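Labels A, B and C are assigned to the chains in the order they are written; within every chain, residues are numbered from 1.
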């Protein structure tokens, strides 16, 4: 019963945020004279929603492992974000940032996993 | 035509990214969270990269997008593997409704 | 001095450089060649341990067969996880099971573990090299028997991967 109520609340919340993103993009609510967003602006808002769900897990997570998992996932989301940014702006170097971010996020996750396991880094 | 294909790939990728993050919030323990989020977010990001490649075209940025697909698809499972092994070695229990844990029977945590 | 493996590694690194910068004037090519030479002198024998297996063309054909199979399984896995995430009652029954594998080479084991992680409902946790046992976290445990679990999880990839990497 409690789980059903939580599911309903989550579905209604995410549905409301998606409705706002698709039909009334956020700046338009406060400044009605702005033009509506393009497709890529909506993509940014959806990725921000996903990243904020990751941050909820970072804040709530009962153990250290949950937080590390959420940070790992956040790194992969940022790679996708950089890939989308370079289409409307036309700046190719965002893809370089994506590759470098993927590299350093992978190495950081491995180091954190070693730390969690309680071993030295050269083991 | 190829722009519409790119937009479809990017939309599918965004959908799977969002589902993976919802799974990260909803699932009960570390291992299930890793299952849901790693699969969905890896596939979603690879799909976004392929959509970017289709929209940008066959130049330096597009090649970087293809290399990034290969890189993400190779490294994301490895980091999930390392994290799950470290979590199990550091003594985090499975969910209480789990059926079986044959890893703890074979290598008990010290 | 393992010359052959260093040459293979040099070709891989140099090709990666050319693909990353996509500029074919002589300055880029010269700097790429010098850096690739340096890297392959230092680290060449770590990454490529058995250069003779790269000569067989049949392995590349099986690899071409493996990639679409992998993408199809990955798509099925995502739809499965999406169903389990959205469903209000959370239909999961998790557990860690053992499976057997016959692969020996490091590259083959890495690819097997990655394929298992990205396919429906399974994630590899650890493996035992001497006994050839993989420990797998299964989101919906169908059978705890080692033979049946091996049949359900590993068999479809192991047959192809053994032809590629062994």
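Criterion: a contact is a pair of C-beta atoms (placed from the backbone, for glycine too) under 8 Å apart; a residue touches a chain by one contact, two chains touch by 3 or more.
What you see is a predicted model; the values in this text were computed from it and never measured.
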Make each chain a node and each touching pair an edge, then name the shape: line, ring, star, complete, other.
-> complete
Which of the two pairs, B-C or A-C, is linked by more C-beta contacts?
-> B-C
Where chain A and chain B are represented by their mean Cα positions, the distance between them in whole Å = 13
Approximate Å spacing (C-alpha centroids) for the pair chain B, chain C = 15
Intercentroid distance (Cα basis), chain C paired with chain A, Å | 27
Of all residues in chain B, which are in touch with two or more distinct other chains?
-> 20, 22, 26, 34, 38, 42, 60, 64, 67, 78, 80, 85
Any chance you could list the residues of chain C touching two or more other chains?
-> 90
Can you list the chain A residues in contact with two or more other chains?
-> none
Of all residues in chain B, those that touch chain C in their complex = 16, 19-20, 22-23, 26-29, 31-32, 34-36, 38-40, 42-43, 59-60, 63-64, 67, 73-74, 77-78, 80-81, 84-85, 88, 94-95, 97-104, 106-107
Can you name the residues of chain A that touch chain C in the complex?
-> 3-4, 7
Residue numbers on chain C that touch chain A, as the complex places them = 88-90
In the complex with chain B, residue positions of chain C that touch it | 16, 19-23, 74-75, 77-78, 81-82, 84-86, 90, 92-98, 110, 113-114, 117-118, 121, 123-126, 128, 135, 137, 139, 141, 144
Mind listing the chain B positions that touch chain A in their complex?
-> 7, 10, 13-14, 17-18, 20-22, 24-26, 30, 33-34, 37-38, 41-42, 44-45, 48-49, 52, 55-56, 60-61, 64-65, 67-68, 71-72, 75-76, 78-80, 82-83, 85-87, 89-90, 92
